[in-house]
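There are two complexes below, and they share subunit A, which is joined by subunit B in the first and by subunit C in the second.
Coming up: the complex of A and B.
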């Protein structure tokens, strides 16, 4: 009987949160199993119990310092239902959208320019010492500065709409607590043309990387999957609100225009003993075949079109490389992410020119409900918040399915595929080979803090064990 | 509890209305802070300290960054490094570590010992900022 070795990558770097990868090898160094483990736990869904519902949109932001706005808005949407505000005012919705586009823009930009660009610009096997943001600053300072300036713009949009760059209070049950002043609007309008130009340039860079390396991109961590996203009622990409659409690997509809408040009719969650992260799946397909991907790639696959002109054109070019069929290339997440940045910038410009942002009708309320579900397309994918409250307004139930959790099975498959393609059978395992595994995880831009409801520092460890269970190799950029 | 020493220090310093002093209180240090501090001659990074000698430590940042930026939050020396390399800043950086003691509990109030250390740190910086030679 053959024995197994295990490699562990711990911590996995340039992601948010703490995770590790284990790769099991047999006596011939062939990969027998590879997994992404999430090693933090906080239990946020539990300790929110007993808090008054109006505190929730503020408290849940403590899940994460990276995407607090997404939690803030998803929780606020759930609370809208609880306070009977099925339809918030146009001013409130547009201000929330502005906040959300600012958040997605800054999150995607940080990931592309500062976390993944070293891999794309210098190569997965390039020296680890310079394969980081310090290397980008040294060799391509203009790109690094653009990243900072675009992120700053997004953060300032958040500050103007939420009150603070991180952990703001702008969205409240039933609406928002402030509008956008004319001076704030003009402050952003003066830079919007520059932001659009930089977004187009970043998109061109991501697209060029994909097309110039298409064979490698097609081969790297590519596998068929279903895709899930919110879409508008006409099938357009909508990052703030819509109904659920799931498609299979061939692009066939699994379900469409599903009301997200009924998410539990469509999605189930499985627990596995080796990870703190849950494994959601599409109920009708069962836990073996029902897993799916979310996030930028899934959104572009699921939507029919994008309603902003430049991003709309970019979507057509994105879909053209697979002749309109779903794109299953993990590395295409980067290109998809930049299409979304452009979409956000275009939407921000449109909203800034909309006088509704200076409206005074900020909050609506109606008949009180016992529970509510809020769903939003967060930077990393579909984010579900579900709450129930008692007659004293205190939370009695909370279930969160965060974006990264939705991608759990896909990230595990990506890890396994890359381990099999780049490590299996090799006599010597190099740092570059192990970085390939991290590149696959990083493409999903996972927020492991959110996924495990823990405050994380984003390290990821890779460990490799031998046939007798001995630790053969271990790496992580914190080492 | 005492992990609130940083925001408490920021809040106290803001109340002093010292000319030329700009305060920013944030959850974590990120890349755009490099741009922010590049506009200033001096940047002071203040936070609670787990184990420095009480009441506080105040020292110039001369450490070179590790070059292993891994995630979304940065160390003070990394922010300073990016300010210099990306924005040609001449900014000098200082680290103020105010000793705290209670980090595991919930609550908005600082421990009594941490409060005392905070008072001393604020008094030290106030005096330094008001001296003819500036803070450093």
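Coming up: the complex of A and C.
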């Protein structure tokens, strides 16, 4: 009887929230299985029951400390339908968009500069002691400052539109609770040119990394998949609103312009016993083949074009490396993410110059509905919120498919592929090899708990067990 | 000997003039006869914390957050009348610690989830907690009681998880609205505010009642439906000015 050994990476570091990876090895250290486990249970879908619907956008955003705006807006969009506001006022929609672009900008920047740039700048095998944001600050202070200041800009946009940088209250069912003052607008306009220059510079960095290392990038955690995203009526990238489009690995349309309120006609979720995270799949393809990717890579693959000039050009360059076919390289998420940052900055500039932001028509209402679905493109991908409300205004049903959940199968495949490519058959497992696995997970910018972000000494514990649960080897360290 | 004129000049003066002088934390304060210590302090711009007392309703003296020491003895300043020459201790470390404990216990007795509560920013309990530096549980365990939400009424909702039993709604409904929609039920730790019917929908409560006015309920127990979070952060009552009145 052959022995199975298990390597556990717990927790996975430099991601949002907590998860662990297990890698199963046979007698010859060949990988037989590798999985990403989500070890936290959140329960929001249940404890929101019995709460008044107008409280929901404020409660559910507590799922996350990094992308609360996404949950806040997705829930608000669902509540718009419940209060009969299918079309909110132009002022309200533009303010929500401004909030959303600020959110995606700050979240993407946090991920690129703070969490993943150490891997790209110093190498996956570089010493763990300096492979972090402090290493970037020490060796490339100008870049680190750009990251910090860009994130600050995005967070201040959120503060101006939602009242607080984290967990604000700007969106309410049917609209928003404040507009943007002239002084707030001017505060942002004075820095917008600098933000655009830095966004272009970050994009160039991500693009150069990809192109300079194209063979390694093509080989690293690359696998074919379907891709899902919201797109505008005309097929343009739209991060706030649109209809669902899914394409297969060859770029063929699976469904297009699907009304997201009917998401359950297109998407189903599977439960597996070893993870608290569900596995969504495209219904028509079944649970084995219907999995898909979401997020920046999927959005750029699914959209036809980007309507802001600089990001539009960047999209064409992005698509050129695969001759217009879907890009399946996991590490290309970083490049795609920086294209989106540029798109957000361009949109922020456009909105800041729009007088509708100073409008006073903030909230509309109409005929009350019993339920509503809100979908938005969060930083990490398509985010579904679905609620039902009783005649007394209390929530009776809630289903959330968060962005990271959509990428569950893809992340597991990425983990397995990297484990097979970089760990399988190795006599000695090094920290650098294990970091390759984390780099693959990290590329998806997963928000594993959708709750907290920890920085500092994160324990990375690796344990190797025999088939009887006997601890064969272990190593612990702090990153 | 002064002839009897039938007039008590001293009393008349007291009724119309500011002739009662006493001290709050060593500062001379003038008050009028019939005033409570809290009223005189308010007139003098001195803040005494409170929860069960609100302008326009008779004082009740039940929350004890307005406790002061008068010549060495504790009393509720919302019900205690002013008197000449008394020495009132208000913001001394000892009194503040009593109050901090009372406020702290209110947080622990109920289910106060400020981050998701629409009363945040206008909630007097939250504002006092902030003033007293109560930022996290540090002394008592949370009781986490199971309390009902009554959303049966079309325009008003009761989330009794947040009730602090101040009785402001009871007094407003009884003495201003003359409806008696609310009343106390239960005893001791189980004492709660109940409604005079099977639920709020089966009372004669109306959103226009004084008892339902925002500001009568000091927390987020009585809330008007469908307007939660319409006040942006920055424009809420205690965003603009702390509960102590000092900027």
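Here is the rule we use: the second predicted complex is superposed on the first by the 449 of 479 C-alpha atoms of A that agree within 3 Å, B and C clash if a C-alpha of one lies under 4 Å from a C-alpha of the other, contacts with A are read in each partner's own complex, and residues count from 1 in each chain.
FYI, contacts are C-beta pairs under 8 Å (C-beta built on N, C-alpha and C of every residue); 3 or more make two chains touch, one makes a residue touch a chain.
For clarity, every value in this text was computed on a predicted model and none was experimentally measured.
Trainee: Once subunit A from each complex is brought into register, does subunit C clash with subunit B or fit beside it?
Mentor: clash
Trainee: Taking the superposition on A as described, I'd like to know which of subunit B and subunit C A:141 touches: first, second, both or neither.
Mentor: Touch status of A:141: first partner only.
Trainee: For A:110, is the partner it touches subunit B (first), subunit C (second), both, or none of the two (neither)?
Mentor: After superposition on chain A, A:110 lies in contact with subunit B alone.
Trainee: Quick one: classify A:304 as touching subunit B (first), subunit C (second), both or neither.
Mentor: Neither: A:304 stays clear of subunit B and subunit C.
Trainee: Have a look at where A:149 lands relative to subunit B and subunit C in the superposition and call it first, second, both or neither.
Mentor: first
Trainee: Which partner does A:167 contact after superposing on A: first (subunit B), second (subunit C), both, neither?
Mentor: After superposition on chain A, A:167 lies in contact with both partners, subunit B and subunit C.
Trainee: Would you check which partner chain A:251 touches, where first means subunit B only, second means subunit C only, and both and neither mean what they say?
Mentor: neither
Trainee: Would you check which partner chain A:324 touches, where first means subunit B only, second means subunit C only, and both and neither mean what they say?
Mentor: neither
Trainee: Which chain makes contact with more of the residues of subunit A, subunit B or else subunit C?
Mentor: Subunit A has more residues touched by B than by the other partner.
Trainee: After the superposition on A, what does A:132 contact: first (subunit B), second (subunit C), both or neither?
Mentor: So A:132 only meets subunit B here.
Trainee: With the two complexes superposed on chain A, say which partner A:177 touches: subunit B (first), subunit C (second), both, or neither.
Mentor: Only subunit C; A:177 stays clear of subunit B.
Trainee: Following superposition on the C-alpha atoms of chain A, which segment of subunit C from the set 44-52, 80-88, 116-124 or 134-142 overlaps subunit B?
Mentor: Of the candidate stretches of subunit C, subunit B runs into 134-142.
Trainee: Enumerate the residues of subunit A that count as touching subunit B in its complex and touching subunit C in the other.
Mentor: 167.
Trainee: Subunit C touches which residues of subunit A in the complex?
Mentor: Residues 50-52, 54-55, 57-59, 62, 83, 162-164, 167-170, 172-173, 177-178, 363, 392-394.
Trainee: Write out the stretch or stretches of subunit C touching subunit A in their complex.
Mentor: Answer in residue numbers: 115-116, 118, 149, 151-152, 157, 223, 225-235.
Trainee: Within their complex, state which residues of subunit A touch subunit B.
Mentor: Residues in contact with subunit B: 11, 13-16, 65-66, 110, 114-115, 129, 132-134, 137-138, 141, 144-145, 147-149, 151-152, 155, 165-167, 456-459, 477-478.
Trainee: Could you pull out which subunit B residues touch subunit A in their complex?
Mentor: Spelled out, the residues of subunit B in touch with subunit A are 26-28, 30-32, 34-35, 65, 67-73, 81-82, 85-87.
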